[in-house]
Amino acid sequence: MELREIKALLALMRDFGLSELEIEDKKGKVRLVRAANSADEHHAASAAAPRSGAVRAAAGAAAPAAGLGGPISDARPPAAPELSPGHRYVQSPMVGTFYRAASPEADPFVEEGDSVRKGQPLCIIEAMKMMNEIEAEIGGKLIRILCENGQPVEYGQPLMIIEAG
Amino acid sequence: MELREIKALLALMRDFGLSELEIEDKKGKVRLVRAANSADEHHAASAAAPRSGAVRAAAGAAAPAAGLGGPISDARPPAAPELSPGHRYVQSPMVGTFYRAASPEADPFVEEGDSVRKGQPLCIIEAMKMMNEIEAEIGGKLIRILCENGQPVEYGQPLMIIEAG
Amino acid sequence: MFKKLLVANRGTIAIRIIRACRELNIAALAVYSTADKDALHVRMADEAVCIGPAAAEDSYLNIPAIISTALTYGADAVHPGYGFLSENGDFAEACRRSGLHFVGPLARHIRLMGDKPRARRIMTRAGVPVLPGSEGKGVTELREAQVDAGRLGFPVLIKAAAGGGGKGMRVARDQKELARLFALARAESEAAFGSRTMYLEKYLEHARHVEFQILADTHRNVIHMGERDCSIQRRHQKVLEEAPCPVMTARLREKMGRAAVRAAEVVGYSNVGTVEFLLAADGNFYFIEMNTRIQVEHGVTEMVTGIDLVRESLALAMGDRLRLKQRQVVIDGAAMEFRIYAEDPDTHLPSPGVVSNHHAPGGLGVRVESALYDGYRVPVHYDPLIAKLIVHAGDRAAVVTRARAALREYLVDGIKTNIPLHLRILQEPDFLRAEFATDFLSRFERAGHAAEAAHAVEAARAAGR
Amino acid sequence: MFKKLLVANRGTIAIRIIRACRELNIAALAVYSTADKDALHVRMADEAVCIGPAAAEDSYLNIPAIISTALTYGADAVHPGYGFLSENGDFAEACRRSGLHFVGPLARHIRLMGDKPRARRIMTRAGVPVLPGSEGKGVTELREAQVDAGRLGFPVLIKAAAGGGGKGMRVARDQKELARLFALARAESEAAFGSRTMYLEKYLEHARHVEFQILADTHRNVIHMGERDCSIQRRHQKVLEEAPCPVMTARLREKMGRAAVRAAEVVGYSNVGTVEFLLAADGNFYFIEMNTRIQVEHGVTEMVTGIDLVRESLALAMGDRLRLKQRQVVIDGAAMEFRIYAEDPDTHLPSPGVVSNHHAPGGLGVRVESALYDGYRVPVHYDPLIAKLIVHAGDRAAVVTRARAALREYLVDGIKTNIPLHLRILQEPDFLRAEFATDFLSRFERAGHAAEAAHAVEAARAAGR
């Protein structure tokens, strides 16, 4: 069973107020049970989901089941890779321009593969001519840098991936 | 099991107020449990109330699972009971008025419980001042008469139920 | 006003009529085939009755079933819409014989205008300009057609005497084509209308299709509501219509309008109708035929005149006098209608299926007449016209920009539609300059195919290098 | 024209502006909060940028985030829509300081008209009639309010000096009510606007809310586009608006229109704006306030004048001269707007949820401005206005019948809406006779509750027999 099929089933559960769903056929078996008092539950889930472009894009792919599937225009939200267990996004706390270094001449704050300490500056988001240093919220290993130097980024956009450790 | 089959089942659960549904056949097994007193419960109720959409959605299991659930107006197509195994409908071959007897003075052609032969006249549909005798297509026992004398009927509308035999 | 009106149609026009009924407090009685049980017109009507199986001959063309429905369910009037029985004199007559008001002209008007050679004769006599063509009752044999073609000179248009909707119509450019196409057109006519009678018309190159909307009461008052330019056609089927005609002048409108009114007056016509003309590049115009029903494209006239044509047709069918004088008809701004077909925009083959992700455009100056909703299955049995997008604005240029925005906003998944074709037309310089004739679309598409072919050759070459 | 416009709003007005951009070939840059990631305005825009979390203060009211988005993503103009930052002088100023065109008036106009006592003083000086009320800069203490009320005579209306949207507004009918309600209104004002300054106005019974739409360029030309009657309100929130005002005469329109134009001229106003008046039963009228932005109900004016207000506002923000002279503004027919709120029609509590079975009405004279689609989750965080149904027809009676049909056709499941309330209003004899004032809805609903209560008593009695 593919992820989008499960997503479609979950959407149905939410829309029809199901608490439990079990399907067994030649392709296999699925059992989904939702927490009681689900009204708040799915609210929280859907409020948590929107953060990253990845979720948004995936939702778009799965959506034909429930309503408008994708954008009506050609607008394309930034896509981000799915997270492996133990990995965490560094997300942009504001809209602005992403810079990897303190100045054009300076070295980048970090490179992929570096170890980072909690509180270490990782990048800069320029917004309204203000340079905002973004610091690591956890220590660990910097797995990937997701944005190009000088790229516009939106609120909540994943900038980097850190493996906690 | 396809998504749209599940949707159809869910629509039925909602329309008939089922809280749990379990089906096991050669294609596989499905079990659906709805949250008690879920928020969507009264949504379903309120959707059914103002427009009596439920009647229509229930009558047509074929009514689109996604999309417009019921009529926009108050039109109510005739609902028919589900058929038991071995039972067959006598359907109206045309739009017209249903009569149980050849004339107002005459006895009805048939009564519930009667045995009927193939080819035996069962009722009359008047259309364009023409009296059209409707004959039994199979022999058996007349289980139920679904229409009132003098009632308008549409094309394909179930008029009676015969148990083949 | 009527109490209950049977809508003897489906799709967009059935919905249009049901909406008009709701506004006038008339109960709308829909009919449907088994293939249409989930159709929007069924869901919107006050009552809906299944009248037969999917095949149109057994349902929407089934006169006894429809009359029986009207009588059994207590309707006092019948609206035929467009297509199906709308130009069937027998149906109009059957309705009236059964004591039902028929929203349309008399049976004899329908029959008269349905006999194209006869309509041509009457118009000629009334002084309405008619294209040179076959005289008398038409021709059935190639030999006769060859004689007429010799007199008219090529190219000629071969038409079915009982024709309509572009069926049985072909352009022949020489004797050889005539021999081939006459047989083909006659076979089409026989299949579609059960008639082998054809006629020939001189084929005008670079002419526009310009038609006038007529309103006539049963007291011999006739007015016109201006014209529509319907030159954007594929195989004589309209695709995009606009009002006013972009090359129309006040003087020409008066002249053509007078001819259109004359065409209706001379036969004592009543209710709504459309007089179709070819407008040549030299400003001369010629009667083609008269449609004795509401047209698909009536909406553009409604937008620029502010007059509700369906409402007027209901009042006229009641026997009311015309509410308007000719001078009260004022053209305000411009409007275009985009017919949305469930078809492949490249192959033009029908594309039935289940609609999903449906989002119709809205906002200022945007009118949608649609039979769609999410989950609706577009059936295979009927015309692929599933919606009409009608756009109104202050002038033609503003209509074009608004229409582009609306078409871009229009979302329909699950089926293919011709929305991309409309968007391409709205980019075409000749269209934007309003320099086009009835051959616009075939030229445009040929050019498109040529460009594609050239592109393919180029790509093949590049790959071979 | 602008190259890229940032739409600093959400919902119906964001969609309205995006559509206008598309027509004008301006790239539309939407902003959204995390709660709106699936909103229609996000899907329709050419680009969309998430600017913050669900709470409006952190997203749609977050000036730095919005300006930063405009600069980072290369917009050259900002449209504030209505609500949110649309009447925030700091925002207009911040836009202009950052080199962005702000589609609206200057910051000083916004601030001036936002200070209600000050606006009253200016209007009085300019000879625009103003209701008797508190003089000077307003009052903050009950003691002062009591003095003013003594001078004015009861009933009086307590208003917030920085007010808007009905917040901090209460009618006091005697000293006791004044004591209680003044404190309440002041608390509301403090919560909503951070200001304890209030003012009192003489409360006019049976007055209508009649507002004039203004268009002004930056070259000191001002015209009005006729009036709207917005008397159908609940707690000073508009529910249903119409144009023209059904009791308006040509002479009164000229007089009030002149006063409205004067109100704009006297402050050197530019762009779109609305001058609100109370129209008393005796034909006298009084300035209430001026809204320095596009209104929710601008659509009814567009329908009856044929003028695209958003398009005009964009041209005016570019510095263009007014395209129209006053005499070119002609009122054609009548229009009503029905605000569709996601709310319980009985309790008026918001009703968020997931939209299903959505079917918006269409057809002649029906315009829908909607943020809905099947599967859309109406968020809890914002105003419950989810759609606007705007109906246009030849006269008020025809608007009513068309609107009834359209409202009956409107389907939205999954959430509750006030569509039933609109349908009830359209049955109300006083509404149909156009005999109503701003207290219509509260009387109507009190009457409804009384009838229900009587019915319940009756039912209980019958059951007891």
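Think of it as A, B, C and D in the order they're written, each chain with its own count starting at 1.
Basically, a residue touches a chain if its C-beta (ideal position, glycine included) is under 8 Å from a C-beta of that chain, and two chains touch if they have at least 3 such contacts.
Computed from a predicted model, the values in this text were never measured in an experiment.
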item: Comparison of A-C and B-D (more C-beta pairs in contact); value: B-D
item: Cα-centroid distance, chain A relative to chain B, in whole angstrom; value: 49
item: Centre distance in Å when chain C and chain D are each reduced to the mean of their C-alpha atoms; value: 42
item: Chain A and chain C: spacing of chain centres that average the CA atoms, whole Å; value: 52
item: In chain C, residues with contacts to at least two other chains; value: 44, 356, 359, 373-374, 408-409
item: Residue numbers of chain B (touch at least two other chains); value: 39, 66-68, 70, 72-73
item: Arrangement of touching chains [line / ring / star / complete / other]; value: complete
item: Chain A residues within the chain D interface of the complex; value: 11, 14-15, 46-47, 50-51, 56, 59, 63, 66-68, 70-75, 77, 94-97, 127-128, 152, 154-157
item: Chain B - residues contacting chain D, complex; value: 39, 43, 46-47, 50, 66-70, 72-73
item: Complex contact set, residues of chain C against chain B; value: 28, 30, 34, 37-38, 40, 42-53, 59, 64-65, 67-69, 71-73, 98, 354-356, 373-377
item: Sites on chain A touched by chain B in the complex; value: 5, 8-9, 12, 15-26, 34, 36, 38-39, 65-66
item: For the chain D and chain B complex, residues of the former touching the latter; value: 353, 356-357, 359, 374, 408-409, 411, 413-414, 416, 420
